[in-house]
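Labels for the chains are A, B, C, D, E, F, G and H, by order of writing; each one numbers its residues from 1.
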Amino acid sequence: MSRDGTPRMDWDRGARTGLPEAVYAEVKTVPQLVAILEDAAARDKALLFTRMEVAQFADLPAEWRARLDHDALSRTAILGTPPALPDVADIAVVAAGLADMPVVGEAVRTLAFCGVRANVIADVGVAGLWRLMERLEDIRAARVVIAVAGMEGALFSVLAGLIAAPVIAVPTSVGRGVAADGHVALHSALASCAPGVVSVNIDNGFGAAQAALRIRTQIEAARLCRDLEGTSG
Amino acid sequence: MSRDGTPRMDWDRGARTGLPEAVYAEVKTVPQLVAILEDAAARDKALLFTRMEVAQFADLPAEWRARLDHDALSRTAILGTPPALPDVADIAVVAAGLADMPVVGEAVRTLAFCGVRANVIADVGVAGLWRLMERLEDIRAARVVIAVAGMEGALFSVLAGLIAAPVIAVPTSVGRGVAADGHVALHSALASCAPGVVSVNIDNGFGAAQAALRIRTQIEAARLCRDLEGTSG
Amino acid sequence: MSRDGTPRMDWDRGARTGLPEAVYAEVKTVPQLVAILEDAAARDKALLFTRMEVAQFADLPAEWRARLDHDALSRTAILGTPPALPDVADIAVVAAGLADMPVVGEAVRTLAFCGVRANVIADVGVAGLWRLMERLEDIRAARVVIAVAGMEGALFSVLAGLIAAPVIAVPTSVGRGVAADGHVALHSALASCAPGVVSVNIDNGFGAAQAALRIRTQIEAARLCRDLEGTSG
Amino acid sequence: MSRDGTPRMDWDRGARTGLPEAVYAEVKTVPQLVAILEDAAARDKALLFTRMEVAQFADLPAEWRARLDHDALSRTAILGTPPALPDVADIAVVAAGLADMPVVGEAVRTLAFCGVRANVIADVGVAGLWRLMERLEDIRAARVVIAVAGMEGALFSVLAGLIAAPVIAVPTSVGRGVAADGHVALHSALASCAPGVVSVNIDNGFGAAQAALRIRTQIEAARLCRDLEGTSG
Amino acid sequence: MSRDGTPRMDWDRGARTGLPEAVYAEVKTVPQLVAILEDAAARDKALLFTRMEVAQFADLPAEWRARLDHDALSRTAILGTPPALPDVADIAVVAAGLADMPVVGEAVRTLAFCGVRANVIADVGVAGLWRLMERLEDIRAARVVIAVAGMEGALFSVLAGLIAAPVIAVPTSVGRGVAADGHVALHSALASCAPGVVSVNIDNGFGAAQAALRIRTQIEAARLCRDLEGTSG
Amino acid sequence: MSRDGTPRMDWDRGARTGLPEAVYAEVKTVPQLVAILEDAAARDKALLFTRMEVAQFADLPAEWRARLDHDALSRTAILGTPPALPDVADIAVVAAGLADMPVVGEAVRTLAFCGVRANVIADVGVAGLWRLMERLEDIRAARVVIAVAGMEGALFSVLAGLIAAPVIAVPTSVGRGVAADGHVALHSALASCAPGVVSVNIDNGFGAAQAALRIRTQIEAARLCRDLEGTSG
Amino acid sequence: MSRDGTPRMDWDRGARTGLPEAVYAEVKTVPQLVAILEDAAARDKALLFTRMEVAQFADLPAEWRARLDHDALSRTAILGTPPALPDVADIAVVAAGLADMPVVGEAVRTLAFCGVRANVIADVGVAGLWRLMERLEDIRAARVVIAVAGMEGALFSVLAGLIAAPVIAVPTSVGRGVAADGHVALHSALASCAPGVVSVNIDNGFGAAQAALRIRTQIEAARLCRDLEGTSG
Amino acid sequence: MSRDGTPRMDWDRGARTGLPEAVYAEVKTVPQLVAILEDAAARDKALLFTRMEVAQFADLPAEWRARLDHDALSRTAILGTPPALPDVADIAVVAAGLADMPVVGEAVRTLAFCGVRANVIADVGVAGLWRLMERLEDIRAARVVIAVAGMEGALFSVLAGLIAAPVIAVPTSVGRGVAADGHVALHSALASCAPGVVSVNIDNGFGAAQAALRIRTQIEAARLCRDLEGTSG
């Protein structure tokens, strides 16, 4: 932020890391948000906001509300027109219960903002194992799987034992008593008896999408690289 | 303990709660253990010791070592001859991995001390789900299931979603990093998405066996009571 | 949840585990709750909601409010007519203090939803030990005892030392300072010096009832099995 | 400690607080301990050492070992001759189990060092409530009660609900799993449902004795003061 | 609580422990509070309520509000006329800062309810040591000292090093960051380098007063006993 | 483990998840390890052991020691001949300090066991930022980066801000005081301000390698798939 | 606070420690604040209030609101006219993100209240390392650096590895999941791999400013002392 | 570390931050230490080792043991000849108790390695306040004060309230029960009621010395700068 309060966005991050600039809205004031929006509009940049609650969105000036695509469940807002989504989804977002859907939404909207389609497979918690088994082929079709679960997070281990793709766990703050803040699900992801599960922070659907994008970029690069080799060959 | 150091055992607990007296050996000195043994022998009581490591057993006088049945893996020792076991096991002890076997052993030996046979179904962690599924009929044959698991404890939820019998979780201090002390497995049992899982303390195979015995006593009483009703009817 | 947001209930759980389907209302939106209600009504299923606060109930459409039996203290709501309760209670719910009554209510209503009567023995905290002693015969008449206590949870150990039946501890988030979130009572249940206490999660009256139902099913099965043996004999 | 490593004891604390100087031996080197002993001997002061393990005592020079009264169970050592104990004990030390006896010993030896006799009432854990009830009159005879318990520490609440005297809880690091380090017992003392329980640190028998001495001094002062008033009246 | 919701007060506690019955109001409903008030009025008993916020008091029926002496700062209310206070205070309540005054008030009002006067010595935190030193003679005049402090709780150790009377620490939930919930002050009391400090739960002014009353009763008994001996001598 | 103690390996995991079977040696007895070795040898399977300390390796029978390739620093042992490594490394393992090298070794040896070469870039902690900058091109050449760091784990954020490839953080239990057990580094990975960092459990070099293999498999599949398309095109 | 509720300010602290008196407003009532303001006005003292939210400021009487300079972002208010600021800033306040600005403000306003100018260098989090590098010369110009960061707090280590001046870390409660309360940033400061980082409490911009003032006073004294030596030489 | 295991020291850190290179020995192997020593000797660099226990030092080759100045209490070793110390100490190291002396030693030896003399003022814990008061003038003579304390760490607040110089707290892992690992002392430093206390990690005498050196460098620079101004003036 400059002395007069204008934030300095890292507009070149895309070039450096291949990931788009996003704004964590929760702790920002309306003037800060407007300054960011004006800066983005002036540069003709698309922008993703996470953790923007309905009330916070409602506080924005009407002109900006009209230009933003806000989604209440996932608490995300998008400025500008994201790329069209391909027909095929190569990322699956698998969720244990209804209460996990806001986090699922954050991940799906982040991917969509980057032009990537995700296949949502929800309500497949392990207490009713058949629900997960029924959808297994759909899940196995994905190159990267984002698994979203709260409570005891048993989904992470069961899922990772069944598939070969990378599994990115997103523990959620869903549960009561010892599980209320998401630490049980987080620790279950980290201590999983199934090999190769990785985790992001609690409720961090955005981060999981970013990690999936990092992986997907490598996959696309391999494909492209092969094409180039083929062309030059 | 009386002023001169003789422990006062609660020999009447059996009459009051239906559960046998047992001695947690870990923090006791050799003189204390010998005093307890002499007291039990004088009363002609059988006695179960838990958490008696090999080294501690080796420190006992030879005469007592000869009279005790000590098991290194489960760290239990038994004074006196337990009742013969029935042919049929109505309690199943289900364990996730090899490292859980000491706790499995503590539970099985406690049950055996009380004349109850347990069916051990081990190495069925959910990372290889087929191993659990293969044994499901055996597990469903039990009236009470003791589930033993460390790491992320996903076994508790998967198992409880598959069977109707009471599930007593025994979280174990098996795992590394965040799971090293068993709290992740404990919290997974408590926060399970499957309904009706109950838990005992970390590594407490003895406590799980006691809880199973409490339940089994009620089942036996119902059966007996029905017989008596039938007789009187 | 399907793509359009309709939750997929696990209607066959009853057949699989003997336990009814229930809905944790706290984190669900009104549209989600209505979708669940419509699904249940279409299938003519009874349904239990837990953690439905007065305000959340008030937000439901009037038609559904009229069809639900909502209880403010226990924050439960029931759709459909539960089975008639028998005259005799074979489960006791024992509570330490007034502040534990919401959790007591959740357990009692869950049992009633399944056609099981519970005998409530409240306000018997151990600071006035005579209150517990006065009711001991009533407690000993039960086949399963659910013990509900917050603060230091000393009730669990004292009670389990006095009776032979299974004791399911429900620690509550009642207390101040170190006890505010229920962890002290939970840990007291787990670390109890009395043998065979099992615990569910903090404030989880629903889970305790489910565990009691699992046990009771085994008892009933033994009785029934004996009858069948008698019949066939 | 002066520049050359000689510790500076607070020899005047007795005059200021009425409590004797004591040395926590656990973290001190042999040279430090010898320097302290020499300083005390030169001033003809009696001295109490706490947490002096057998191995540490064995490392001291023979001349000092001969002059110290070391007790292995309580890990205390006394230099000099404490005052003779009176016939009557006005402080009771009540303990839940055998494993608590080292902490009981530390409290009793600290009191004895100050010329105060304590009545030890051990092995009265609440899992067998009759053991406590049998000794209730002995406990009620005391002016101050030190209660020592590990695991879930239910003794503190039960005891404080039965007597009128001050109850000083000493939680001990006795237990396994969640209770291994004494925090459950400590928190149970602090969150007790019985009014007026106070607590010292885990395993701190010395501190409990000091607190009891502070209280006893006020009682003695009241008695003495009354005598003086009587004399002058 | 009886089946119809009437709480069962422990009206005989006074005879058993010498301490009055009190009601923790925070988690109670208006009907529960009114039932307790009616019960007390019917028995002509005085009653102390703790943790009764202004809003909760305002919700009571006017007739009861008129009969209660409610104090907003300490969140206490008294039914009935407490005994007149003596001119002399033999208990001191020493507090570190302004933010500790609600807890100070709870202790002082509890003592007053039992007819005991306390001398409040406030705003003597150790960051300005002279403030404490100035009041040292006043503090030393007390037979029991209740010390109230939040943040790092250094007051407990400094105070206990300066006086001979029993020191009951009341850690408060005053502070920010690591100290926000009072655990730092609590742990400072327990880990104090000054001998004989005892602690009650965080913010528990009521409990500290109860502990002081337990001690004071012994002091009064000694005085009285001496008189009786003198009379009989 | 079967009733007679023979472990049941999940030999088909490779087919299911593409990952090899490995054995966590730390908590296993010599007979258990020998049984596993014999089983593997009988099936002519290669096998990786993790957390096998020098002392544990030394306890194995000489014949097995001769057949195992044990590495003291990484505490890994390999049975059988791993595939030859390719000349090019497409995974980089970046480490902050010397003390992280055992965990680096576990990851590198796991990858090598699967025929994958890793490029180790060590001692590039951010306190001397130039050390990291000097190696940036090497790091950017990798398709997947495993970052290993203890203490405050700042390396994870700095690194992820500089590169586009997936970053798998392995927090290590390197540090003192608040950082001793690795939780600070773990939490830094999870709370990273750089987008898309994922984490495995503390010290879990094996798990990080497995996650990298999951990702690499997808990359290889894309390349292969492209070839097939090209062939068929 | 005197008996009638008037706080006793430590007006002489300035003379003793060289630091001004400040008032932590958060937990104070309006009457307490007014009493403090009146006391300060009567003595003609300037006064700094921290943690005074907009709502609390709005509750003050209009006359006092008019005399106070309140700043909403930093939640500080100043009574009286602070000294004019010098043109040159010798303290730098470096912040990672926008969300840290309230804490930055608290530090800057505290310094200004004491007549010290600070140079704010914001939005230089390490995820975009070039932002920090661009401002390095500005930062190196300072004699003392206050570093403000939440989330994983990697800024502290990177910064301290780049400059020679003292670095005072202020961890902030900015972040989600494991980082929500600021403990990750705090622990990162304490466990920093860069030598000589010191930390204050979470969100404690005031404390960091005080520490910087303590250091600055020594620097000024050295300069002054040198002048005096020169004069006398 | 290069591929062949040679560590890469950051020999230029001195130029960049003004602080010397040091080696944390605890987790390093003998070959690693020898490689570092050879590297330093080849460059003719002096080197400080911290956390080198007696046993680790004894494992080094005799030639290196002869060239190192190892101090058992502080667990430090120095290679090369440090600069001569000035007669005057401008840094004070103030410690609460004997058990804190190893940490005091680490700080003092680190300062000495850099040619800075420290004045040690030990055994001045606040339980005997007069001991601190007696030494107050000595402490006030220092420009920077390092305060070392374990247990409840009350020394930090008392000291900082009495002096104007910067106070760097070093909490130590001295204490039992809740204080055993140093977190209570650490949190007391952070939550201090005295303004401007800063803290380093638990037991981190080295870090405190580094922070003091950073401050001292600024003071020296001011003095030197003034001289230069004077010269040029």
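Just so it is clear, a residue touches a chain if its C-beta (ideal position, glycine included) is under 8 Å from a C-beta of that chain, and two chains touch if they have at least 3 such contacts.
Computed from a predicted model, the values in this text were never measured in an experiment.
For chain pairs A-F and A-C, the one joined by more C-beta pairs in contact is A-F.
Taking the mean of the C-alpha atoms as each chain's centre, chain G and chain H sit 26 Å apart. Annotation: 45 Å between the Cα-based centres of chain C and chain D.
Distance from the chain A centre to the chain G centre is 37 Å, each centre being the mean of its Cα atoms. For this pair, chain B with chain G, the centres built from the Cα atoms lie 58 Å apart. For chain G, the set of residues touching two or more other chains reads 16, 127-128, 160-162, 176-179, 183, 186, 190-191, 194-195, 201-202, 204. Pairwise, the chains that touch each other are A-B, A-C, A-F, A-G, B-C, B-D, B-F, C-D, C-E, D-E, D-H, E-G, E-H, F-G, F-H, G-H. Within the complex formed with chain A, the chain G residues making contact are 98-99, 101, 120, 122-123, 127-128, 131, 174, 176-179. Remark: chain B residues 13, 16-19, 22, 143-144, 160-168, 186, 190-191, 194-202, 206-207, 210-211, 213-215, 217-223, 225-227, 230 touch chain C in the complex.
Against chain G, in their complex, chain A makes its touches with residues 1-3, 7-8, 10, 12-13, 16, 24, 26-28, 32, 51, 173, 182-183, 186, 201-204.
Those residues of chain F whose C-beta lies close enough to touch chain G in the complex are 96-97, 125-129, 151-154, 156-158, 160-162, 175-179, 183-185, 187-195.
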